[in-house]
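Next come two complexes built around chain A: one with chain B, the other with chain C.
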Partner chain A sequence: MIPAIDPTPSPARRAVGDREEAVLQMSDHDRRPGAVWALPAFLFFAAFAVLPMVLVLVLSFTSWNGLGDPQPAGMENWQRLAKDDELVASLWRTLLVMVASWALQTPIALGIGVWAAGKQRNRAVLSALFFVPLLLSTPAIALMWRTFLDASFGLPNALRGVLGDNTNLLGNPDLAIWIAVFVMSWQWIPFHTLLYQGAARGVPVVLYEASVIDGAGRWRQFWSITLPQLRYTIVTSTILMLVGSVTTFDAILVLTEGGPGTATRILPLHMYFMGFTGYEMGYASAVAVLIVVLGTAMSLAAVRLSGFRAMQSQSEGL
Partner chain B sequence: MTTDVKTPDDTTDAVPAGRSSRAHTALRRVGWNTRQRPNLLAGLLALAWAFVIAVPLYYIIQSSLVTRSDYLSKTFLAWPTRPTLKNYQTALDSGFNRYLLNTAVVTVFTVAIVLVLAIPAAYAISRSRSRFVGRGFSMMLLGLAIPAQAVIVPLYLIITRIDQYDKLTGIILPTAAFSLPVAVLVLTSSLRDIPRELYEAMTLDGATVTRLLFTLVLPMSRSSITTVGVYTAIGAWNGLLFPLILTQSDSQRVLTLGLWKFQGQFGTDFPALLAAVVLSGLPILLLYLFGRRQLISGVTAGAGK
Partner chain C sequence: MIGSGVTYRNRRRRALAVVAMAATAGLLLTACDSGGDDGDGGASTSGGTGDFKVWALQDAAMQPAWKGAVDRFNSSSTTGKGTLEVFANDPYKQKLRVALGSPQAPDVFFNWGGGNLKEYVDAGKVRDLTAMLEAKPDVKSAFIPSVLDGAKINGKYYGIPMRGMQPVFLYYNKKVLDKAGVTPPTTWDELLAAVDSLKAAKVTPIALAGSQAWTELMWAEYLLDRVGGPEVFAKIVAGDKSGWKDPAVVTAMEMIQTLVDKGAFGKDYASVGYDVGGASTILNQDRAGFHLMGSWEYVNQLGQNEKFVKDGNLGWIAFPSVANGKGDPSNVVGNPTNYYAVSATSKAGQTAEDFVASQMKDPEYIKALIEAGDVPAVTGVTEQLKATDNADHAMFVYDLALNSKHFALSWDQDLPAADAQKMLTALQKVFLKEMTPQEFADTLAQ
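Moving on, here comes the complex of A and B:
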């Protein structure tokens, strides 16, 4: 159990070795914290995170209106799930939100992150501004955009010359979901920028210096050095974005409440409305299970597609 | 063991360093200055995005400073000619005080629970040889993947069953639980950096396991404790999901939920609504001014780098 110690310590370390010997003769109990130290945290987490995770699967086989006790309902919820047109529609909207927010956030976060990792002047001032959205709550951000885009007093009204009378952007079923994607991106781009900034700072300068000798320009450096060096960060950031989009909830709830009509009702909102305004908790649980499966599948796919294919070291050849 | 590991480390360090200086000489020979010309494209992108961030923020501050009638007639982004703080008064009079207090209570208790649970747990995980501890840690790491949104129905069931529905405790418990995995992860990786020799030396000097926590572990991990505290506090302060499904009465309402209710209550009184929005973000923005580094490391703690 105790790892073997080098049997012949150098003379200089002999005194220390004796001390180590003495410590090793003490029992584990006297030297190391036991399982009891970790038990409260494990139990607490099990009770309020793991247990709900198990219960959501159990509840998906029950019928429950939020009061009284859940009643067993067999496969009922799952059969209904297969025939729910609104569910299919919200699934498509979720996928659209996922793809669109990835496509919008990644290039901007990557570009600004790489830029902010450099040594430009004014960088500190702009960086300080970039991270403000991260500090505001989702309802605050959603309400800010709701008033900013208000049909009568906000930006669309100022743009009446261009938009004509179609100033109710958030009330437009074709536009609302794109605005939701934009608002979510506005909130989360700073976070991914920080990831890319940290990673870009870790790219060895030697690579750039060597590439200059080979005659590479900045554009070429970006594609041949920066991007390949950042690929694990791109995977991490992508996973966080995909899972984030599958589970996103409060931003759209406050921004549009799923409307107009059901135009922005994505999967988690469908679950919320089913459970907490329709009081069909069993069915909502089945939708929740679907969300978990989808989120897990997305992150596994992202890892498979990009992470394991190229397992060689990032600093290979240095 | 330690001496064996050191040697290859040193050589790997030496290689890039050697190459680097050779590259520098070569660069100087081709006349390349290490200071490059500014990256124009990325700079423009950064500037454009700064604009996208700044304009709506400016808009809410500017609009929160005008009277309601001025708001209806003002030019879109013009700075108010007669700025007023009346809207802030309106927001504070509409129950904002209580929401602020509730949010503060939720935040303080959530952070306290998380730190009290996570620090000993991380200590045990980094030092204990118990297999149970290892298993528990794996459970927490898997738990990182549990989306809070997906478990709101069973959480509602649990919280009503233990009679904590519509109480601040009901918000605190799940909020703390969902902050725990990141907290334990961040603290564990920082505790693993404390050299084994320090533990052994202090144990030899007679320090008990508990004493080691206070004289060695806590002082050595102060910065990651701050990170975890900030991460947990921001999550608790800004959380909407748990308060939304686990409380209903006005007396238990937190800020985020209060903001959303304001929207219905104030109708088109946008200046008052926006004053409430500004007020809700003010405490964290002030923190940002004074401790930007800690705040940023706290915000990104969830990324697990």
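Moving on, here comes the complex of A and C:
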């Protein structure tokens, strides 16, 4: 997975290389912190990420209802993955949520973020307002929207005159998943806006000054300076969104409980219902492993395809 | 090149961090199983004495009664004292399951009897109370036999009734029915006619909290019982999945879809909940005619809209009979009651057993239950029930349960968890018409 490294350093890199040669001349002790320094982080990661992951992998080869000892089940759970229609359906729903969330959140977050990085009047006040959803907990947000969109007592009922009989927003199997995407986007756009705002602030002013001399308008500045400069932020934000969509759980659980029927049952919910309502821990673990593999593959693909790994700064020396 | 080396390592660390992110949310969920100490299989009947923990549900109305039972026992006990710990409903089921598989198991635990309790019995986690009941006939005879049998598994008793009976029946809004010229239906055909009249009167005929499958399940349970009798589900719960292929299952599901097609549940039912401002509110705001619900609905309505109940607008009637059906019209479904069971691994098993044996039939406890609005599963409380504020409702519940030929436990509590989960999902799809009655039967028979 790791590509070969270009042995010839770029001119920009050479400066860094020289500095490190200077470092080489120091004693071994000074040059680099010992491995012990990484131990706390390593132990934390091992205990809370690696160990559970290994246990889940082991569990996925067993049959266990939560009582007594897990019984070895061979490949049974894995074979069942292929035969589970609901799993395939939930996989597609997960992809839909992922793509739709990204397509909805990215332009809005980018737009507000770049705007909020400017120096307009009232910018600080409005930005503070935009960030409010970020301060609320996910279940609170989901509960709020669930109540707000309630067909009998919420907004749709008040708008019965306009909507006619189509008041059943969260109970409509075709609509519910889009509402879930909307609610999650409402929650997360402020976070991504914050990323873009920070990054946009970091774009060197000289680039804009130079472009003004060249006669560029604001639109041209956005496309030719701001957007390319935000490349890495876009990748970061995209990865967070992709992985977030694969693992998102609480918002949909509270909002629709995966319903109506199974219309919003995405992969993590499917895992939850199998594991904690049906108590088929073995099978649920197999689904969990699938989620890990999927999430990892997706973010690695995003990193590779975007050229994120090159990590070249274009503002060096400024 | 050292420079490249650093980048390489950074990159790998980044990949690991991504793995970590992907993993955390998903894994913490499945991985929070506490380590497996295992029961030794057979349920022991020994067990020592000492202090014990009692686990029950969070229920504001019931708390004084439950707490009172523990306090009364503590004041006279010489062998050990109990402590009551309560938990919210859904988390309780998960917590109990994890705890019973661990050394932190409670000594006495609240449960629903039936298949739900059977899983724990099969895993050797529950103490056999048969010997105690035989040694103390006054305890055994205190409870209504059909209710005590709800915790009888493989011919042995594993639970003592600890609260009221909760049959399901049809509640209605008198004002709405009067306005539409509808009388409470006693047969299925009358119910269908009532649905048409209520629709014509521009109200939702039947309130249904369809975002929660267990409310839809009540319709399925009653219709299958009325059409095919209790034997059909008894066969299924005994482990024979081909029981779902019984023609009565398909007929019952067709009847459900008839109601759906008629618009009996309105258009919004799939997003209506029971917990928050849901189906009960729709009923007491005169926006629906009927509501099929457990007897706890009465207390719930009192809490939500006392005036509605006190003005006599809340009515109730047994579930309608079905012409040519095999099931006896006196049959009821619901929760016969809840039970206290004693953990087989409890170190204070004997004290815990003494607690459930002496306190659950105690007149003081029964009185406290009745005061809280419950209808206890004990014999000879008619006079006490008649003296309460809610005598009409309490007597109806008591007679309904007492006179029933068969009192079926809710399917979702009686089936093994995995099957129950599958059944509830399929049932929701039947109500949404995403699944035909035949597909329902075929899916569950697999």
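FYI, the second predicted complex is superposed on the first by the 262 of 318 C-alpha atoms of A that agree within 3 Å, B and C clash if a C-alpha of one lies under 4 Å from a C-alpha of the other, contacts with A are read in each partner's own complex, and residues count from 1 in each chain.
One rule holds for everything that comes next: contacts are C-beta pairs under 8 Å (C-beta built on N, C-alpha and C of every residue); 3 or more make two chains touch, one makes a residue touch a chain.
As the structure is a prediction and not an experimental result, all values here were calculated from the model.
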item: Chain B versus chain C as contact partner of A:33, first or second or both or neither; value: first
item: Contacts of A:59 with chain B and chain C, given as first, second, both or neither; value: both
item: Touched partner set for A:172, first chain B, second chain C, both or neither; value: second
item: First, second, both or neither for A:198, with chain B first and chain C second; value: first
item: Touching partner for A:272 - first (chain B), second (chain C), both, neither; value: both
item: Winner by number of chain A residues touched, once chain B and chain C are compared; value: B
item: Common interface residues of chain A - those touching chain B in one complex and chain C in the other; value: 1, 5-6, 16, 20, 23, 45, 48-49, 52-53, 55-56, 59, 66, 70, 147, 150, 153, 240, 243, 246-249, 268, 271-272, 275-276, 281, 284-285, 288, 291-292, 295-296, 299
item: Chain B - residues contacting chain A, complex; value: 1, 3, 15-16, 19-20, 23-24, 26-27, 30, 32, 34, 36, 38-39, 41-43, 45-47, 49-50, 52-54, 56-57, 59-60, 63, 71-72, 76-77, 113, 117-118, 120-121, 123-125, 127-130, 132-133, 136-137, 139-140, 143, 145-158, 173-174, 176-178, 180-181, 184, 197, 199-201, 203-204, 208-209, 213, 234, 237-241, 244-245, 255-257, 259-260, 263, 270, 273-274, 277, 280-281, 284-285, 288, 292, 295-296, 299-300, 303, 305
item: Contact footprint of chain A on chain C as seen in their complex; value: 1-4, 7-8, 11-12, 14-16, 18-31, 33, 36, 38-39, 94, 97-98, 100-101, 119-120, 123-125, 210-212, 267-272, 276-278, 281-282, 287, 416-418, 420-422, 425, 428-429, 432, 434
item: Residues of chain A defined as touching chain B within the complex; value: 1, 3, 5-6, 10, 16, 19-20, 22-23, 26, 28, 30-42, 44-53, 55-56, 58-59, 64, 66, 70, 108, 111-112, 114-116, 118, 120, 126, 128-140, 143-148, 150, 153-155, 157-158, 186, 189, 191, 194-195, 198, 204-206, 209-210, 212-213, 218, 236, 240, 243, 246-250, 253-254, 268, 271-272, 275-276, 281, 284-285, 288-289, 291-292, 295-296, 299, 318
item: Residues on chain A engaged by chain C in the complex (per definition of touch); value: 1-2, 5-7, 9, 13, 16-17, 20, 23-24, 45, 48-49, 52-53, 55-56, 59, 65-70, 86, 147, 149-153, 165, 167-173, 239-240, 243, 246-249, 256-257, 259-262, 268, 271-281, 284-285, 288, 291-292, 294-296, 299-300, 303, 309, 311
